[in-house]
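A, B, C and D are the chain letters, set down in written order, and residue numbers restart from 1 in every chain.
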Amino acid sequence: MRKTLITTVPAALIALGLATAAQAVIKIGASVSATGPAAFLGDPEAKTLQMMVDDLNAKGGIKGEKVDLVLYDDGGDANKARTFATRLIEDDGVQAIVGGTTTGTTMAILSAAEDAKVPFVSLAGAIDIVQPVKPYTFKTPHTDRMACQKIFADMQKRGFTKVGLISGTDGFGASMQAQCKDVAGDYGIGIVADETYDPKDADMTAQLTKIKNTAGVQAVLNPGFGQGPAIVTRNYHQLGIELPLYQSHGVASDGFIKLAGAEAAEGVRLPGTALLVADQLPEGDAQKPVVTAYKSAYEAKYNQPVSTFGGYAHDGFALIVDAISRAGSSKPAAIRDALEQTKGFVGTTGIYTMSPEDHLGLDLSAFRMLEVKGGGWTIVN
Amino acid sequence: MSLLEIQALGISFGGVRAVHDVNFSVEPGEIVSIIGPNGAGKTTLFNMISGVYRPETGRVVLSGETVTGMEPFRLAKRGMSRTFQNLQIFQNMTVLENAITGFHLQERGPVLADLFNLPGSRRRARLAEAGARALLARVGLERAADRDAGSLSYGSLKRLEIARALAMQPKVLLLDEPAAGCNAVETDEIDHLIAEVAASGVAILLVEHDMKMVMRISNHIVVLDHGEKIAEGAPAEVSRNPEVIAAYLGTEAENADG
Amino acid sequence: MRISGKYWTLIFLAALIAVTPLFFPSGYYFRVGSLLFVNGLAVTGIVVLTGYAGQISLGQAGFAGIGGYACALAPVHWGVPPALAVVLGAAVSGVLAYLVGRPILRLKGYYLSVASLGFGILVAMVLNNERELTKGPDGINVPDIGLRGLLSDWGLNLTNGEFWYALTGICLLIGAWIALNLQSSPTGRALRALHGSEVAASTVGIDVARVKIQAFVISAIYASVAGSLMALQNKFVTPDIAGFLHSVEMVTMAVLGGVASVPGAILGAGVLTLLPQVLTVLAEYEQLILGLVMMGVMIFLQEGLVPSILRWFRGRDE
Amino acid sequence: MSELLQFVFSGITVGAVYALVALGFTIIFNASGVVNFAQGEFVMLGGMITVFAHAAGLPLPLAALIAIVVTAAVGVALNRLAIEPARGAPVVSLIIITIGASIFIRGASQLIFDKQIHSFPAFSGDDPIHVLGATILMQSLWVIGGALAVFAGLWLFFTKTLLGRAVLATSNNRMAAQLVGINTKFVMTLSFALSAAIGAFGGVLVTPITLTAYDVGLALALKGFAAAMLGGMGNPKGALVGGLLLGLLEALTAGYLSSQYKDAAAFVIILAVLFFMPQGLFGRKSTDRV
């Protein structure tokens, strides 16, 4: 380990020197939470961005111009994210920013980007990021509100009207919990139990027992990410609760099944992206080539399964590159205009069509309802 | 009515009686010494009188007011001051600041005045500093005023502690082994200092192992053994008391420096 | 002798704040500068509590959270101007510190740190859980302080970065001045005395419990104002501001630089504010290096950077 | 009734995890008076090293043994490189040193291992045991048994063995201990090795329940620290009771009051206990000697 440190420091310094020496015309900035409590989300995002910029430059960059990625790790701290946003804009002079792993860090970057009129593509879920629309802010993940809608639509189809919620108290879980309570009525669904757990808790059987003993509950939904949902799923199995369990897109990865145990995870449903079921997509699916290419490249390079979150970063970076090449300019205002005119752009998360009123450009069709069957994800029709 | 009255004071630690049923009194200007072999309960008695320990039985009466178990800072306001057997110097301060702290009751004022360095605060601090410098001169430490307290010799620290205790202009002063660890010259100086303070009307309660000093300056001696008072009286009387001699001889053999 | 030392410190600090911007290559440096000043202000409060009075709190961030959220909530819910919300937050923090301090300051050493830690965690938990009021873990917007517009009406046009650099710099100077006043004042001496020996402090008439609470309240107000300035500057605040890690960060900054002295603590804030910005090149190793720096300084320079360096210089003179 | 029992099972499971962490604090504290904030990192190392050794093909028991030995070595290194050289430093400096150590170990782990969440199979399968309508996992029994075993071991060590009494003597008065011929340096080394080994042992036991990642240490350390304080720092009985009590408090609050404020309830109780018993439930009362 000491050896790597000694060899890496000079290497990093040399790389830094080269980066400034090369005629890097286009600078894209990124601040993601590669460490800290949201590292589970931010780590694959950072890796994806690094991989994509290397690929892009190996292929000659954008119309012959190399792209320089300035990547910072904000550790999930909004205050740090705000500092890095200022640094990206004022010191590094980037033309566009991608990042903001959590809603908190996104909000901190957002105000700096809007003030400086630099386009910013966020990787966080909350609907407040793009609603109301802010001129320079875009985002790639579906909103947590959409995830709730997708899940409740599925519940409605199965005839459930009384649902128990058990949510993580982190930003992801708490925000989705609030959105789900907000839209449940639209689907004729009542929330009859509403429990929470701390993301680092070791056991959730107390909360689940309470839900289990609530009269009339027909299904349970668990908004959250990280190890919490895996423990909830195990405890659910331990308590022998027979009701259908829905997870959120926060745990849409193969890792979740491994952590929860195939037996406990059997039958769990969640709204996921095409990325998770790349090999099951029908041949004609527009997303299939994009998803397969990203998945195989990422897994080959990092020897880790892809995650939905890395996919968000993929789409964010690709959207900016697409906008720059369409705009034929790397001026921030031109990139912003081109981003807003994005039409039918195929990403791993869905197919984006932006407009002045819609800076997300995805609809519910981007989500696919998935179910764990025989230890793997399958598409529910 | 005496200035300080100790009535049937007692305490035990973990079932062991450390001090039991001790009575005596101290008048203004009088020097009363408490002697006894090691472990007789002298320091424990001091700690009870000065409010560090809360006595289980008995009363402490100061100027006619019962002050039993009162916290030390309340006793300080009522005119009681003390020094410690194992020094309690503020090591994180200079010598001068240590002495100024003794003037706390005179120099304290509204916190806001202190925070914003208002004239009132500066005036109080100035007065206290002048008083402290005068006291340091009195105990011979004026040259060391700006040194870190931690850098002083043991004997100097002893004198600094006495200076700090005198700064409060106490009515009663408790001195716990003021001459311990001091050389002959220093002991002599402390000896004079104590006599001088007593002459100004302060009642002094003294614990000291240096018997020559005790016999020389005390007006009255209280002898403790195993937590109980076994004798009391004028120095000459006490030194002839067979029980006292027995108590001392009994321990002298084990513990030569007593 | 002490008096001149105090003013030299302040003059040096003021000169540093005024002159360094001449060398700033970009607006980002104003941002880093103002971060440093805000951290320096919070840490000056730690000097009062830990450096002077010797009490260790691992819950200071709780007060920063109260200050920060006062600026987010009071203007929106009660129409208080943001600048006054800073005062309101400080008042709430002070009162809370008084109420909480009474029971917990009886505790010593580690027991005091766990109790204050519990307090900080409780504040963070309330900020996280009371979504109706605080919008939960994702944070909440904070209104503009509005003073910049006022200044430009008077013909003083500053960029956002410059404005905050100046404002936080001035606040730090005032904070340092107050803490330095305290140090050589009767109350400050009482605090340092109880640090040296509680029992001796009590015997000279110092009401130990009372002055401990005074120190706790003062340090809480420092933390609260720092939290308010941070929130107003970012125009956004999340419950992380009240988190355990933020508390530890403050104590570490103070102790690293030298908790017994104001300039020391501010230097510590400087080092730990700049370190992550310098280490972005080695982002992967940031934690490793931060941990090493913390251990190294505490092992080799036990009193912190400034006192140890001063001692070294003095030692060479003799 | 079965509901209450389920809450109790949940509380005991979590409480045993806290107790294991809290027990790790006691030895180092007893020997050196240092609260080691890196104790949570020992637990993390126990889990992570086992995960990676197991993934590399070693059988689980051997992987666990390696994890415990390696972590004990890390503990010894921590003592030799960071604690011994700083002896005599004030409490707040020691707090910063151990927090620095915890940040360092975390930073190293994220480089050596990764930032993913991991687990390994439970020792005796995932099938729960049913008792009067409530369920508990076999692994929970392992954790509870582990906590009890460590407690019993520590109790015997401190009361019955010469070495254990040497540790206590060292904590009471290092100088006196040296004078009567105790090798205090060895006692310190041993204490750090033991504490780290206990932490790692805990990590091995709890990982199938709590899962593990490079950053789980801090949360565990905080809860374990709070539990140790509740029981009275330095007393193995206090650590065990404090941990179980904390777990039960959380589970019962979550079950009967509000899961949102279960952690708050736990801390409020701790504050209340410290208010009435400033040394914790079983802590020794110290008298100022002046």
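Note that contacts are C-beta pairs under 8 Å (C-beta built on N, C-alpha and C of every residue); 3 or more make two chains touch, one makes a residue touch a chain.
Remember, predicted model here, so these are calculated numbers, not experimental data.
Shared contact partners of subunit A and subunit C, listed by label: D. For subunit B, the chain with the farthest CA centroid is A.
Comparing chain C-alpha centroids with the centroid of the full set of protein C-alpha atoms picks out C as the closest. Taking the mean of the C-alpha atoms as each chain's centre, subunit A and subunit D sit 35 Å apart.
Subunit A and subunit B have centres, each the mean of its CA atoms, that are 71 Å apart. Between the Cα centres of subunit B and subunit D there is a gap of 46 Å. Chain centres here are Cα averages; for subunit B and subunit C they lie 41 Å apart.
Chain contacts: subunit B has residues 52, 84, 88 touching two or more partner chains.
Contacts with at least two other chains are made by residues 129, 199, 285-288 of subunit C. For subunit D, residues that reach two or more other chains under the stated contact definition are 108, 110-111, 260, 263, 288, 290.
If you check the complex, the residues on subunit C that touch subunit D are 50, 56, 103-104, 106-111, 113-115, 117-119, 121-122, 125-126, 129, 198-199, 244, 248, 251-252, 255-256, 259, 284-295, 298-300, 302. Note for the complex: subunit A touches subunit D at residues 1, 4, 34-37, 39-40, 43, 169, 195-198, 200-203, 205-207, 209-210, 213, 226-227, 230-231, 234, 237-240, 255, 258-259, 261, 263-264, 304.
Against subunit A, in their complex, subunit D makes its touches with residues 3, 6-7, 9-11, 13-14, 17, 108, 110-112, 114-119, 126, 128, 135, 137, 206, 209-211, 213, 215-216, 219-220, 251-252, 254-255, 259-260, 263. Within the complex formed with subunit C, the residues of subunit B that make contact are 50-52, 71-73, 75-77, 81-82, 84, 88-93, 97, 100-102, 104-105, 107-109, 111, 114-117, 121, 124-125, 128, 146, 164-165, 167-168. The touching residues of subunit A, counted against subunit C in their complex, run 5, 8-9, 12-13, 16, 34-35, 71-73, 76-80, 82-84, 86-87, 89-91, 102-104, 107-108, 111, 115, 126, 128, 169-171, 174-175, 178, 196.
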